[in-house]
Amino acid sequence: MADLFTGAALFILTVTALGLFKVLRSEIAVERMMAVQLLGTGGAAAVLLLGAATSSPAMTDVALLLMLLAAVSCAAFTSGQSSHTADASEQAEDEA
Amino acid sequence: MSLASLGTATLFGLCGAALAGIGLFIVIAHAGLLRRIVGFNILGAGIFLVFGAAARRGAAAGFSGDPVPQAMVITGIVVAFSATALAVALLQRLFDLTGRESLDAPAASDKQQAEP
Amino acid sequence: MTMLLDLALVAWLLALAIHVARARDDQGAIIAFIAFGLLLGLGWTRLSAIDVAMTEAAIGGGVTGMLLLRAEARLRQRSSQPQTPKRTTKAAAAIACTVVAAGLALAVLSFPSPAPTLAPAAAAALDSTGLGNPVTAVLLAYRALDTLLEKVVLLLALLGVWSLAPDQLWGGAPELRQTVAPPPFVYLGRILPPFGVLIAVYMCWVGADAPGGTFQAGTVLAAMWLLIMLASLRPAPETRRTTLRLLLVGGPVLFFAVGFLGFAVADGFLSYPEGAAKPIIVGIEAALTVSIALTLGLLVAGPSSRAPAP
Amino acid sequence: MTPLAPASVHLATPGGYLLVLAVTLPVLGVLAMLVVAPRHARQVALVTMAAGLVTAIAIVAELIRTGTALTYVVGGWQPPLGIALRADGLSATMIAMTAMVITATGLFARGLYALGPKAQDGRAPTTFWGLLLATWSALNAVFVGEDLFNLYVALELLTFAAVPLVCLDGRAETVAAALRYLMFALLGSLLYLLGTGLLYGSYGTLDIQMLSRLSEGGPALSVALALMIVGLLAKAALFPLHLWLPPAHAGAPAAASAVLSALVIKAPVFLILRLVLDIAPPHAAILAGQILAVLGASSILFCSVMALRQARLKLMIAYSTVAQIGYLFIVFPLAAGNEAQAPWETIAWTGGALQLVSHAFAKAAMFLAAGVIAEAFGHDRIADLGGFGRVLPISAAAFGLAGLSLMGIPPSGGFIAKCLLLTAAVLNGHPWLAATILAGGLLAAGYVFRVVDRALATPAIALVAQKPIPRRLELVALALALAAMLLGFVPLEPFGFLQLGRSGAMAGVAP
Amino acid sequence: MTSLANAFTLVAVGCGALLFLAGTLGLLRFPDTLSRLHALSKADNLGLGLIVLGLLPQAESFAGGLKLVCVWLLAQISAATASQLIAGVLYRRKSRP
């Protein structure tokens, strides 16, 4: 059972990481962030599976953190994007 | 020597060594300051993995790893984060003041370095 | 199978690091770095360092990524791309770094076997602290001085960041968002923080006996606070506010106070009285969590960008 | 398994708590400052300084009284699990020096910031006080640390206190200088940390005393020490890693420059000394000593010439700092011990320590004097300063006296230091080091006289101060310069004190 | 009983893993960004959901199971809002002259 869990974790990670590498080369910034999002979810799934494989319950907490922070960094990313597009006209920095 | 005989700890230790090398390269060879800051973080990650290898190897007394280097890594990660924050703030200030984000642009060094 | 997983993780970590080195634009590099942080968190679980994995997932991938993304968004309108160094410089740097990496690898391979370890010593002393998580014991008992100084480092970094504000804005509030947040963002800013706070409280509480602790909890809280500020649900506080300052120094001050109390009731600085160690440590952790959350959040928010209200 | 050294390497001594106070008091001041109203920051700083000065004096007194090193085991947790603090003679000397320079700088800054009434509780003054105190804590932590990781945290604390000091006035050049400084400092800390990790992985302890006892070499030890020393060199700004220092130290406000140049770069030097003397196996120590001496000698020659060519006073002083730091590195081969004599029993050791301390006083005096000059005339271009000695005689005198020490002309601490180093170089058969010391002295004379000449010149249009400078400010600089000179009158006293707490060297040498 | 639970776990985890594959393929193969986004959020939700579902019988305690569900809940929230946010960015991009 443990080996199967590890195998599933490996599979998920491989798939999502391959997707990430493919997309990192793309020019569209949004797609890269989507791939990171996918990796975050895949990572959480892998952590859960590994936790089940090694029967260490604390791993669930790692997955919790991963999911929570993945959402936050995605939000930070889009806020940077939108401020970029919206501010293009008024980019004057508040000079000292 | 086959890779399989290395063991998780040594494997990640070697990974740490390589990451430290890559991070160092980014820090030295990149002119962009933001990239250098990312490089510092990768260098840091490599260093922490070396600590992690030491920790994993030191599994004993019912612990799956030596807690002392683990604690050091946690301290180190927090310190590295504050360093990143300070560097980013300095970079943004430099950018606000001069509009550039590297240190080697046409220097304002000699012309009128005013007095304090 | 586990070996294969380890190898795959290591390969991806290296590939992502190389991508950071080679990416043409900073944004791509930073996104790769965030993914790197995620995978590194996984790597730490493979090293059985769950505490570190949590910290890395929270700080390395999460808050650092946030900081860098914000910086990149602001620097994007830069006038000119920095010139790339000469090919020879790059080659020389590459050779130097290879030498360093090779030396490191050699040193790692020459680690003695069986490995020296302080795990038995840490285990033996664990009873006198009453804690169940050895990492917390190291951080808050055996090597409490490191942790204490590191708190000061955090505050000092914050002071340094604040000092970069223009003179007339000193004491004012940082600004996280100039434009109106889109509705889904506001929704996220409303619905995620309650979860985050719950998780943070849980992390802080469980840290005494299981992986977790004040850093992880503080980082989660900081991320939630930042989310709220980014969603424009709450403005960032003015940096001169007394309540803010009190909360910032509260954790470290309590830590110092307990440290000095050790002179009176225990064996000296930073030693805890027999039997009462665990509640004291949990108390310190709770106070530190608030301080860390505020400090990390304000570090990401940056120096004040609005003049203080008169 | 590597046998761990006996558990009780560190026996706490009765006065050990003083070390805790030395490390924590200034930081407590910082915490207090964050809470109180900005206008009270100065008072908090001055009170803390008084307390810190008393602590430093108490440490020295306790050391002299007991004749052994002070030791404290934090929380009662014995190393290697816990952390020990320890002050031997050299550490105590550094602590006392730090306390004096910081206090003097504080008094100077109090006067200087009082000149601009509008911004008394503004950004720069308030931040300055906090950073100054934090620097102090960090320095003390470096000087008394026994645990390599604890020292890493202390070094980072130092970096984070020092970097914002550089760009306190907020001009673009200083921000760039601060950023460059931060890059070098971070690289340095990370390399140091890397070495620490390797040492832990190999020996399972980071306690310096313990590491010094298990002196079996190995690739890990060599790689670790090489990384740590290179990292610390980047922080100490030894040639060719000095590029960050001149703009950073010259751009900072005068009071900050004084602390940065006189004290902050001494911390990594001190740590290199400890690594080479205490941890490195003998043959590695000799090799490292040779390399460091070559770099030190290049530093002296190259940066003295650079100092001669500077047009601005503060840049000149900053280059002089790099040159003077070079002297500290040529000590390594000169103080190499042999069977009959431990390194700390040689005259070169005393000379090096004396150079360290006298440079601290002299350089702080110079930067403060330069600060007064820049404040008075609104610029620090050497060429346009003709006759400043008539307007600011005390500052000119302070500069000149401090210059004597840098040149190594009697009577001054610098003279004794360089004389001891020269003697050691001749006795140990290092003619090229002796030549370097002499050449460095001549070059220093060149750049100091360039300024003194301007001070005494009679320009066509008499120089006028743009604003009145209170006498008090100038006197602080003069006091520091006099302290550097007075060191020349106590030549042999440090011999014994500097050896306190060094193993096997205690018998009969305590004064 | 345990074998039944194990079989359930295996099937659910297997399906979840395959969904991740599907999501990645969608991310790589679909013609435009919005439909890729669609593929991605499907994979996120269902893939992780199935894995959580599969692991539930293996949970050692009630709290452990609760945390598993929490992970999935968080994934739901973040996937939903993240894809909306990203779609919003895309929309603004498109509408920009």
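For clarity, chains are labelled A, B, C, D and E in written order, and residue numbers in each chain start from 1.
Convention: a contact is a pair of C-beta atoms (placed from the backbone, for glycine too) under 8 Å apart; a residue touches a chain by one contact, two chains touch by 3 or more.
Everything numeric here is computed off the predicted structure, so don't read it as measured data.
A.B. asks: So if I look at the partners of subunit B and the partners of subunit D, which chains show up in both lists?
C.D. replies: Where subunit B and subunit D share a partner, that partner set is C.
A.B. asks: Have a look and report which chain pair racks up the highest count of C-beta pairs in contact.
C.D. replies: Summing C-beta contacts for every pairing gives the maximum at B-C.
A.B. asks: Farthest chain from subunit C, going by mean C-alpha coordinates, please.
C.D. replies: Chain D.
A.B. asks: Based on mean C-alpha positions, I'd like to know which chain lies farthest from subunit E.
C.D. replies: Most distant chain from subunit E: D.
A.B. asks: Between subunit B and subunit C, what's the gap in Å when you average each chain's C-alpha atoms?
C.D. replies: 13
A.B. asks: Roughly how far is subunit A from subunit D, centre to centre by C-alpha average, rounded to an integer in Å?
C.D. replies: Those two chain centres are 46 Å apart.
A.B. asks: Cα centroid separation between subunit C and subunit E, in whole Å?
C.D. replies: Inter-chain centre distance comes to 27 Å.
A.B. asks: How many angstrom between the C-alpha centroids of subunit B and subunit A?
C.D. replies: Centre-to-centre distance between subunit A and subunit B: 21 Å.
A.B. asks: Specify, in ascending order, the residues of subunit C that touch 2 or more different other chains.
C.D. replies: In subunit C, residues 2, 46, 63, 72, 74, 100, 104, 107-108, 111, 115-118, 122, 138, 142-143, 146, 150, 153, 157, 160, 164, 166-167, 182, 185, 188, 192, 195 touch at least two other chains, as defined above.
A.B. asks: Two-or-more-chain contact residues of subunit E, please, as numbers and ranges.
C.D. replies: Touching at least two other chains: 70, 74, 77-78, 81, 85, 88.
A.B. asks: What are the residues of subunit D that contact at least two other chains?
C.D. replies: Residues 81, 149, 153, 156, 160, 163-164, 167, 170, 175, 194, 198, 201, 204 of subunit D each touch two or more of the other chains.
A.B. asks: In their complex, what parts of subunit A are in touch with subunit C?
C.D. replies: 3, 6-7, 9-10, 13-14, 17, 20-21, 24, 29, 32-33, 35-36, 39-40, 43, 46-47, 50-51, 56, 58-59, 61-62, 64-66, 68-73, 75-84, 86-88, 91, 94-96
A.B. asks: Which stretch or stretches of subunit D touch subunit B in the complex?
C.D. replies: 81, 149, 152-153, 156, 159-160, 163-164, 167, 169-173, 175-176, 178-180, 182-183, 186-187, 190, 193-194, 197-198, 200-201, 204, 247, 250-254, 312, 315, 371, 374-375, 378-380
A.B. asks: Looking at the complex, which residues from subunit C come into contact with subunit B?
C.D. replies: That would be residues 2-3, 6-7, 10, 13-14, 17-18, 20-21, 26, 29-30, 33, 36, 40, 43-44, 46-49, 51-52, 55-56, 59-60, 63-64, 67-68, 71-72, 74-75, 78-85, 89-90, 93-94, 96-98, 100-102, 104-105, 107-109, 111, 113, 115-120, 122-124, 134-135, 137-139, 142-143, 146-147, 150, 153-154, 157-158, 160-161, 164, 215, 292, 296, 299-300, 302-303 of subunit C.
A.B. asks: Show which residues of subunit C lie in contact with subunit E when the two form their complex.
C.D. replies: 182, 184-185, 187-188, 191-192, 195
A.B. asks: Would you pull the subunit D residues touching subunit C in the complex into a rising list?
C.D. replies: Those in contact with subunit C are residues 1-2, 4, 12, 17, 20, 24, 27-28, 30-31, 34-35, 38, 72, 74-77, 80-83, 119, 122-124, 127, 130-131, 134, 137, 141, 149-150, 153-154, 156-157, 160-161, 163-164, 167-168, 170, 175, 194, 198, 201-205, 218-220, 223-224, 226-227.
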